[in-house]
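Look at the two complexes coming up: chain A is in both, with chain B in one and chain C in the other.
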Partner chain A sequence: MTKTADNVNPHIYEKGSERQITSAEHDEELIDEFDAREIFDLIRNINDPEHPLTLEELRVVEESNIAVDNKENRVTVYFTPTIPHCSMATLIGLSIRVQLIRALPSRFKVTVEVSEGTHVSEHAVNKQLADKERVAAALENNNLVQIINQCIAVM
Partner chain B sequence: MTVKTSRGALWRSFRRNQFKTEMVNLELSQILTGHKGIVWNVSWHPQGNVIASCGEDKTIKLWSKEGVQWTIKTVLVDGHQRTIREVAWSPCGNFLASASFDATTAIWDKKSGQFECNATLEGHENEVKSVAWSPSGQLLATCGRDKSVWVWEVAGDDEYECEAVLNAHNQDVKKVAWHPSLDVLASASYDNTVKMYKEDSADNDWTCVATLQSHDSTVWSLAFDNTGERLATCSDDKTVKIWKEYKSDNQEGVIVNDKESVWKCVCTLSGYHTRSVYDIAWCHKTGLIATACGDDIIRIFKESEDSDLNAPTFDLMCTKLNAHTQDVNCVKWNPLGNQELLSCSDDGEIRLWKCSE
Partner chain C sequence: MTSVWFTPQFAEEIMKNKDLFVEIQSIITDLLAGHIEITQLVENMGGALTDKDAENREKGMKFFTKLLKELPKNFLTELQLKFISKFYIDRLKDNHRVIPSVIEGYLAIIDMDNYKVQFCGEFLTTLFREVACQSQLRQDRYNIYLIINKLIQMDLEFMKTLGPDFVYGVISSMEGERDPRNLMFLFTTLPHFIKSIPLGHLTEEMYEVIACYYPIDFQPSPDDPAAVTRQDLANALNPCLCATPDFGENCMVLLVEKLDSSLRLAKIDSLKLLSESCKTFKPETYAPFLKTLWSSINREISHKTDEELKMAAHQALSALVAKLATTANTDQAFENFVKGILISMQTAIAESTTITQFVQSSKVLLTTANASKESCVIITKSMIPAIIAYYEFKTSPKLQIASVEFLGDLHDLAVHWQVLDQIESQIKEIPRMCLTAVSQPAKEYQIAGFKTLIRVKNILETDLVLPFIEVLIHNVQYSQDNDLLSVSVETVHAIARKYPELIMSLVVKGRCNLENLTEDKVALQKRLNLLSNLASINDFTKIIIEEMLKIITTNESEAPKVVEALSETMSNTSLFSDQKVTQIESDHGLIDSILIWLLKEIHNQEHLIHGYVLISNTISSLPPEKQQKLLEKHTPSILNKCADEEIYFLILESLYNSLHQSVYDEKFEEIMKLSLCLALKGVNEIVRTKACVLVAHFLNKAEYGQQFELLYELLKNHLTSCKRDDTDICPKLIILYGWITKALIMRGSDMFLFWLQKITNTITNTEYCKQASEAIGLIMTDCPNHLTAKQHCRISLLYKQRMFQSFSNLTDKIGPSTPDTKEAYLLSWAYVIGKAPKSVLNNEVLKISPIVIDSLDYDNKDLLLVMLEVMCHFTQAKQTTISDSLQTVLPRLVNLTKYVKSMDVRIKSLQCLYEIANSYRTSLLLPYKQDILFDLAPSLDDKKRLVRNMAVKARTRWFLIGAPGEEKPN
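Entry: the complex of A and B
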């Protein structure tokens, strides 16, 4: 049985350019803190669960919707489902969360939420994504982990 | 140079202020390492001389003291297929119950000389989140992701019978806890409420007798005080709430319609915790309240001397910054009342603290 995608004809945006590596970044002496662009680079190539497109191409994630506080060890990512009743919102959020948990040092507290006003069940999705016990249980579900890994794997 | 001096002065004044307002000291006694991954829960043996711990690595570890150091004495494996969320010693200390994401609750004992799983409680549809023994040791309560709370009766040697399946919550049930002396059960849920249950003596049916509504998000944990007439709850809404029971003959004029009692929120501690509060422990000997928080901090609160029973006040006595390097999941006071506190964390560690006033 093939399920039709919630949004069969999403708007596709152009990919941004690659980050310019500056000489300062090769300088071992400098303390190089995490910034929104680096977080963006970690999640921009996550695949949409329904389309052969990345979260960047669908503008589900944008650099401007990412906040990093190195002092407080906080990373906050707001993502924007392509349509307000997207049934994949939780899965997309979970993929972003898993990718960041795997990639960032454990000192970071990662918050992943739906951009305000962009999903009908915004509150429910946010609450579920914030519940670390549910996330931990979900990550013991092999089928789900397989799907998430497919999303996270760079094309 | 001037910058340095003024900084030093600032630091000294900060320290002075800390001592002025925070009069409880939490000193690290030992770090207990051995688990791989998240440590979800720890449980003191009722005699305070054995610790059980569990977590993501699907094992239960039993620790006891060798000289001054706590060391692993037994590792229980093969009991569960998935994360072990909670462990609980029976009041007699002869049984250990473990609740797992694999939908089962295992009962361990060492009748044969070493700890073995001699009973498995099955019935929950999926993740079991919490398990607790009643004060008499004759009843067990479990709860889980399937929104239900189960009450089990110890029916005989290695035999447990389901007494009741309570479907009062409409979401994931996170924690169950018994009244310290009566067969009254409380449960905390993702639906933001706490429910109380007891058995109706007329028809032996367990029913929900109270719903405690005031938190704005998931209630993660709860703890009765030593009288059982007050309850402390902690939540994803970053607050701690204190509830008081008003019985039908109360002097305060609280209306208790056709019920035996009502529970009212008499105090909310907000502005202290900066993330989800995952656990709360109310010491039955000292009255101190400890909290485990997602901001890696352990906090200790104490009721003020001039606290009004109907509107009690609690002071923050200690803020242990970086108590762990990640979320603190659980705090437990040693039942001996010797001011020892155990904590465990996502960072894979268990820490033993000595509290002094």
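Entry: the complex of A and C
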């Protein structure tokens, strides 16, 4: 039996423009700090598991919902499921986590959470995503890894 | 002994002897020589043709058919053919074994010169009655179709007289045909048949027989060497389905049904059929179906991802609108149809929240308007006010900007269909709208507004000029943004072409008045740019150029800026054509004034560069005679000055470097000598380089023969007279060799090899290897200021390729390089490889790959960048030379990801790693995966963001290797 998508007709938003490359970024001497935009660029193109659309187009992730603290080595990402009862919320959160684990230096502590009040089982999802062992266990599951890899791969 | 075919035993022989076919040529020779009559021969064969046993008759007919096929086409007379034809027709009633030869034989008969089309009536009647076409083999069915087709080609009028029986026969022969090749043949011939033979009451039958194939669903067998593809069949079928207007109604029913199909191919085919059908069907045919057609087209046109489907839908819509437009004056249907489109698209635009949605709907409207004059009027009339109102909603900046651009598109279509007069009141709102847009402070609005204004400049009214100019002049003087600045200048230029007097009074004599031009220092340079741009318009040339030249000659402090502005705008050939430059030079003596200024300021080097460029560009635009005159006027005095101070040589060079190839005078030798001398002994480095350039230009341009010989001789004499032991000269000499080689190879002369060899020989020399690689770099690098087509130099095609080959051959001959010279050696290679066409590299992978891999160990940024680039290229092409050396390559690349001196090297090496992961087989890469992931981790924390981005790309790609979800054919 094929499962139909939770949200069959999601609202599609405009894709933002690519980051403008400034002359400072070409300067060998200057140090570019990590900023919210850079984290956003890492996850904006992750595909939604249900639709051939990116998380950016669905506004699941937004630049304003990302916080970076370079000194304390902290990255916090809040994501917003398209509908409050989305069953894919955990999977999306996991994809974001996995992508950030792979793409960010290990000095950062990454937190991925559902934006407050946007999902019915917000706490359960947050708890799952914060539990290192459960994340690790999920990544042992070949089927799950396959889906996550496919979501992330379209860069 | 006489041959067997002279006797009645011939029949026996045909039945018994299988090898008799080899004798056919001899029989034909006998026939042609008149040794035997055809009647006699047939009589001798008689036994075989009428034998009781069908097998023997088959042999007989086969033999006869073969004979007919081999006979010269003009041999048989009409009477003979008539009898043979009758005989063959009779044979159609024979056993099924005989039929294939009969059909094949008749095909040969039709081809005879004396065949009369009247013979075929009976043949066809009997054929259709006696032979069930679809029970024959593929080739025989093909022969039947071929016969029918040939007959139609032969005499269409006669075939028409055969009436409905013939049509019926054709229909029943092809009904049920399944072979793709036969279908291909039928589909290509049928449109002609249907168009030319009246179908009568059989129209519907004919249509049904064709329509049953629609839409084509077919997969060619994979081992078919020359397979007919589905697309071929589908393309051929469409013209059959709409070959005659009589098919119209049936075809439309089918079309509407298939448009709603869930199969993508059915939809695409139907849309293509719809476009195709508009060529033949009458507009009335579509009337009952318009609503359904539009809703189907609309659905496909708004498809999000399938570009092919979308394109097909656009084409169908365009064809349909154009077709219906032919009845615009007689029928309401057209107007209703277009209005229907208009209403649904207006709604879609009003509801759109993203650019994609907006563009999608606006494109539908543009397609509709583009299809016909009438639809253009309807669409533009209501869309222009609608879009202006839409802009006022202030939805989002992007949408507002898109709507301004859309107005420009609508205007262009109105111009295309020449309907401006019909929509006058609407269209003139567009410039007003542009004014609203450019009054916004945001750069994006202004750029969009100005760009649209440039498109609609012809409908701009006088009262709007002033407000536009206010904004424009403000931009021109104070804008920091280069895009906005250039668009603004362009806009002023556009308005100036429409309203020269207004711009003259508002800009040239008003806001940017030349009199007080120098008062406002800040905006001076920008205003000068605008003015020199405007100078390209005839009405302004005189006043602006004169004023500028006056400043150059009188005002010392501002002159450099004026020269810079002039030099920059005049090098833009789209503004200043050669004629225009020539006219300016002859009317205002541009070069004279610049020269005076240069001579006066000669020791103030930094400002003068624009002056040299301006002189050289101006000279290059002049015709040869003018160049010659200028040289005669100025050379002697400047030469004198050169003797005192070498710096004057720069002026000389700017005068001489852009001459036509035909310009030559006795001074050339003196200048050549001077250049050679300065190239080797000049104190100032710029002077040395310019001297080399001039030598190169002379060698490149001189006509072969006396002129070239003379200069070449001068060159050689001068070089031999130089002292070899003067170590100071050696590096300069090698550079000069570089220029000489470049000049010669670019003109396609073989003499370059001599000089190139001199350079390659020094590559192994510890002391001078650096200069040698520099010289190679010089040969391969294009420079916008030297040896260009604009400077009338000869540039032979593929000279870089030639250089690659020659260099490659020469390096084979030089000795082994020591560690000291290896880097220079590799660097020379890098210059050659980096600039040679990629296709050449692909042929020399085996030779280049080791050099590339070797180079990755050297600490030289230029070398590494080129080699990494080539490595990426090879990897993308999945070259095995790289995958065979992964063990060496990967650690070197990883090492380079930490290259401190250049972020570009880090980025490129990471890109190489990404490409490797992307290109090669999992089994090759998997052993390295864990190491690479570990080694790439530090790059994720690189201090430069661009490096980090590439590191992320490479590392996430390596994560996927061998992991579930990786999409890579292994």
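Everything that follows uses one rule, which is that the second predicted complex is superposed on the first by the 154 of 155 C-alpha atoms of A that agree within 3 Å, B and C clash if a C-alpha of one lies under 4 Å from a C-alpha of the other, contacts with A are read in each partner's own complex, and residues count from 1 in each chain.
Heads up, the rule we're going with is that a residue touches a chain if its C-beta (ideal position, glycine included) is under 8 Å from a C-beta of that chain, and two chains touch if they have at least 3 such contacts.
All values reported here derive from a predicted model rather than from experimental measurement.
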When chain B and chain C are modelled together on chain A, clash or fit: fit
Touching partner for A:I31 - first (chain B), second (chain C), both, neither: second
Touching partner for A:S106 - first (chain B), second (chain C), both, neither: both
Of chain B and chain C, the chain that contacts the larger number of chain A residues: C
Partner chain(s) touched by A:E18 [first = chain B, second = chain C, both, neither]: neither
Vertex chain A, arms to chain B and chain C (CA centres, degrees, nearest 10): 140
Partner chain in contact with A:E133 - chain B first, chain C second, else both or neither: first
Chain B and chain C, minimum CA distance [Å, superposed model]: 9
Overlapping contact positions on chain A, where the chain C interface meets the chain B interface: 106-107
Chain A-facing residues of chain C, complex: 305, 353-356, 396, 398, 901-903, 937-938, 940-941, 943-946, 948-949, 952-953, 955-956, 959-960, 963-967
Chain B partner contacts - residues on chain A that touch it in the complex: 106-107, 109, 127, 130-134, 136-137, 140
Chain A contact footprint on chain B (complex, rising order): 38, 56, 82-83, 85, 101, 127, 129, 145, 172, 174, 190, 217-218, 236, 275-276, 294-295, 325-327, 346-347
Touching residues on chain A, where the partner in the complex is chain C: 12-14, 21, 25-26, 28, 30-32, 38, 41-42, 52, 99, 102-107, 142-143, 145-150, 152-153, 155
